[in-house]
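Note sheet for the following structure.
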Amino acid sequence: MNVQSAATRPFSRRNFLGLTAAAASVPLLAACGGGSATQGGGGGAGGTVKFWDMPWATPAYNDSAKKIAEGFAGANNAKANYQIIQWNNFYQTFSSAIASKTGPAVSTGGGFQAFQFEQQGQIAYADKVIEKLKSNGQFDDFLPGVLDPFKSDKGYVAVPWQLDMRVFWYRKSLFEKANVALPTDWPSLLEAGKALKKLGAFGFATGAGSGNNYGNHSMIMMMVNNGGGVWNKDGELDLLNDRNVEAIEFVRELVSNGIVDPAAVSYTTDNMSAQWKDGKAGFGLFQVNVPQRVGDTSGDLLVADPITGPHGDKATIVFPNNIMMYKNTPSQDASEEFLVYYLGQLKELWKQKLMSALPVFKSITELPEFADDPNNVKIVKDWQPIAKTFAAQGSTLNANLAALDGGQALNQFSQSILTGQAPDAKTALQTFQSGLESVLKK
Amino acid sequence: MSAVLHAHPESGPALGIADTGKTRRVLSEAGMRGRWWRFVLILAITVIVLVPIMVTVVLAFTPGVNSTATGLTFENLANVFNGTLAATWLQNSLVTTLSTVVVSVAVAAPAGYVLSRGRSKAVSGYSLLLFVMQSLPIITSVVPLFILFAGMGLVDNLLGITIIYVGSTMTVATWMMAAYFDSIPISLEEASWIDGCSVFGSFTKVVLRNSLPGILSTAIFAFLLAWNDYLVAIVFLRSNEIFTLPMGVQSFFQQNATDWTSVMALAVVMMLPPIIVFATLNKYFSVGGIGGSLAGR
Amino acid sequence: MSSTTATSGLSRARRGLAPGGSGASPGRKSKLSAQTTRTFFWLLLPSVVLLVLIHGYPLIHAAVQATHDGDLLQTGNFVGGENFASVLSSPAFWKAAQFTLWFTIVGVFGSWLVGLGLALLLRTKIPAGNTFKVLLLLPWVVPIVVSSTAWNWLVATPDSLIPSIFRGLGFGTPLFLADPTLASITVMVFKVWVSFPFMMMMISAALASVDTTVYEAASMDGASKWQQFTQITLPLIARSTYISWILMTIFCVNDFPTIYLLTGGGPVSATTSLVVLAYRTVFQDFATGPGVAIAFLMTMTLVVISVILYRQIRKSSVE
């Protein structure tokens, strides 16, 4: 590896001169950005593809993924090595590594990271990978619609490998105790919430505390569920449309009726998980594999049916996590070969029941290890087909979605709704829209 | 308020050297009662202050979700040491932190001495510059530093982060040392100059020798900064086997989920070395200070 | 008083008396003074190198970012003061500045008062005093990732320990992190909890260097304990106090994890300080220029505060 060999080299006068020169030419990032790939920061001797992966699940997940990556043996003796990158400050980690040419050749990462680095000219398009997938048959194995959001004018920015779905879960025993029917539309969601409240449980469990995005996702989900969304079909900001206003007014109604926990605004994901485990959460938006996640093996936590909006719309949101390739690689061919290989091995991760997300391949959803769980089957059957990305109502993903997803505008919007601070939906959406406008790149 | 009122040396001087002779007289009954009142007071404060820490410790010894153990157990600790590289992380943390402490003090003490004794414009300008420079938050410095260090092969190794820790503790450490040196009367050095010592000689032989409390405070400051940092480590360290303990803690944070029992177990491991350091060094805070030299004047 | 000795010693040193000798001969004087300067230079050199490397370089780098419209990877185009102008005209900045001010005031003086009280208390004879001294340093020792989680467990939900106690006492169920005012208070209390051991240690070290015979003399002169405290103890630890205030001001203003891990800056930016705003602007909104501009403005304010307090220190050492 480049970094390590450099580290073991004695600290030379030349290094020192290099440092002085670097300090003298301060805007050196520009110089770093456009350099050639021959330096091999992304790889190293013998065509080793550096693959960076995130802690997507328990340490056992990373062990398996590592095994898969290290099992790669490509043409010209190409190999791969595996590196875990912690979630905390990951964008900083990737950026500084890429800027210093010590970054990966292939990586997973944040949901919209590929589009951000594409905008900065660091991404190698995956069109050739898609060609290979077409010829080996895997292309036809993709679940419907999962690949489309990655196709830009210039090519495929990344290839999806798992779907982080947002679906409604419910605790069956609470609904039986409250003697109320499962919600099928908004009025029945409100009714169920009121009934659950009498039992001290919440009918719209969520959270928007430090590092918790479920509250944000619940807001967008309700907009999309009403045929609205942050963007219009042309990908322009369109927060003030009537469907959004209607959806947010409805959420405000849930809040004012005490159907949302008044402390939810400060809940971390751990606080939320505890609510689900302790039977305080009766109904709410969450991820795949909630029982495993919160440690509830009673079989009482189940995936609900999608809910129909007042205009007959049915939709939820999904974050298609993806694998991207960088321009800085020892060999683009090796990167592509590795990516095709890795996608072909993904089924191992679901076979070992390591994932808390939906696979992107139909064949994996049919594996007994996956299909054993009726909750999984229900998500694939009822929720995946109606899932839209954060780009809804637009169709392709882009770098601006990163600023939407983790950014301050959405977070403050959700918090103002969850605390009831916002005077009305329209004002809140207006603030949201102008906050977002100020950070979006044109 | 009571703390203030009780701050009377007759109730017991902080200086060990003065704890002889007339102050060690038989305590009056009222004095004894005062002692026990203060004991109860400090006990109550300590218990309240430590509630969040007790939460941590209890969880570290509570069986995990998939465990069959009952009551309190060392299982989590054992799991952390057997299942991860915690022992290596501990070693890395110790090496990094101790190097940081030694080098920081070695850099800060001489600089602090100059700041304390120098009265030229350049010196006071520099002492201000220390502040100006270090007040930029570390989160905006990490990316440029990484790029700079990557060029020198100093990323993903302990030397790189040690240099950064020394740099970031050095400014404050220099000020802490300067503050302490200010409390040492210059008459002590003057005496040594008359004995033929050089400026450097009197600094090492007279000033440093009388600065143990100051050095220890500074060392502890540097120790804790390096020991607990994760903002730098998370960008600079990649390989599992060169993680420091805070990075080890980070590695238990997964996408949307955290292995809290392991986090807390490792947190307890992280607390131990500083506690040992404090407990061992504690007595030096109150004795051997400049008071000793003053008393003999 | 030691300070007068120090001052006269310093003025003598400045005149070239140090080291040794009477300084009678002019030739000897300049030689000695040159030797002092040279020694001072070598003593300072390592810190200068580190300062330039670890602080100077990123500072210049940040200056470049703050005046360009680029991102973390590309410098972008020079935009002059545009980022500063947009930051200064945004209400979010001023709201964060206001919170930072309160957070810092409470953080500095809160931790100082608690630290001072405990340092004075621990200075007296108390059974197991040393054990308490060590135990009370723990809040500073525990990694902030861990202590923020412990605090979260104690206050976050209506069923957490502290809200339950309040409910039991008939105060309703306060939502310590969900109510904007309470969340601000909680974050500040958390900060004081984390910081008071540092103050306690600084003050303890300063007190250790105080000559106790001074108190006996004052006692014989009939000074009350309160008079002894205000007229002897406080002046003697004044310099340490000013320095610890400056340091704590910097720690508070620059403190990212304490706030971010407990509240993330919410609810609705109620606990967003400038450094949290800068972080979120750079790494979550991906607006590098404006975010770094915020950090810069923060730094400049800190420098002004530091200079004011620094003057105070100089004064206190001359008095």
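Order as written gives the chain letters A, B and C; numbering starts at 1 within each chain.
Simple rule for what comes next: a residue touches a chain if its C-beta (ideal position, glycine included) is under 8 Å from a C-beta of that chain, and two chains touch if they have at least 3 such contacts.
None of the values given here were measured: they were computed from a predicted structure.
Colleague: Thinking of each chain as a vertex joined to the chains it touches, would you call that graph a line, ring, star, complete, or other?
Modeller: If you draw each chain as a dot and join those that touch, every dot ends up joined to every other.
Colleague: Most remote chain relative to subunit C, going by C-alpha centroids?
Modeller: A
Colleague: With chain centres taken as the means of their Cα atoms, state the distance from subunit B to subunit C in Å.
Modeller: Averaging C-alpha atoms per chain gives centres 15 Å apart.
Colleague: For subunit A and subunit B, let me know how many angstrom lie between their CA-based centres, rounded off.
Modeller: 40
Colleague: At least two other chains touched by the same residue of subunit B: list those residues.
Modeller: 139, 143-144, 148, 230-231, 250, 260
Colleague: Could you pull out the residues of subunit C that touch at least 2 other chains?
Modeller: Residue numbers touching two or more other chains: 57, 61, 72, 149, 283.
Colleague: Going through subunit A residue by residue, note those that touch at least 2 other chains and give them in order.
Modeller: Residue numbers touching two or more other chains: 23, 29, 32, 89, 92, 95-96, 99, 270.
Colleague: Taking the complex as given, what residues does subunit B use to touch subunit A?
Modeller: These residues of subunit B touch subunit A: 65, 83-84, 139, 142-144, 146-148, 150-157, 159, 230-231, 234-235, 238-240, 247, 250-251, 253-260.
Colleague: Which subunit B residues qualify as touching subunit C in the complex?
Modeller: 2-15, 18, 35-36, 38-39, 41-43, 45-46, 49-53, 55-56, 106-108, 110-111, 113-114, 117-119, 123-124, 126-141, 143-145, 148, 163-164, 166-168, 170-172, 174-176, 179-180, 182-183, 185-187, 189-190, 192-200, 202-203, 213-214, 216-217, 220-221, 224, 228, 230-231, 246, 249-250, 260, 263-264, 267, 270-271, 274-275, 278-279, 282-283, 285-286, 289-291, 294-295
Colleague: Could you please specify the touching residues of subunit A with respect to subunit C in the complex?
Modeller: Counting only subunit A, the residues touching subunit C are 23, 26-27, 29-30, 32-33, 89, 91-92, 95-96, 98-99, 116-117, 120-122, 208-212, 261-268, 270-271, 274-275, 399, 402-403, 406-409, 411-412, 415-416, 418-419, 421, 438-439.
Colleague: Tell me, which parts of subunit A touch subunit B in their complex?
Modeller: Its residues touching subunit B are 3-9, 11, 15, 18-19, 22-23, 28-29, 32, 54-59, 83-89, 92-93, 95-97, 99-102, 269-270, 273, 287, 293, 295, 356.
Colleague: Where on subunit C is subunit B touching in the complex?
Modeller: 2, 5-6, 9-14, 17-21, 35-36, 39-40, 42-44, 46-48, 50-51, 53-59, 61-62, 72, 116-118, 120-130, 132-147, 149-151, 153-154, 161, 193, 198, 201-202, 204-213, 215-216, 219, 225-226, 228-229, 233, 239-240, 243, 246-247, 250, 253-254, 256-257, 275, 278-279, 282-283, 291-292, 295-296, 298-299, 302-303, 306-307, 310, 314, 317
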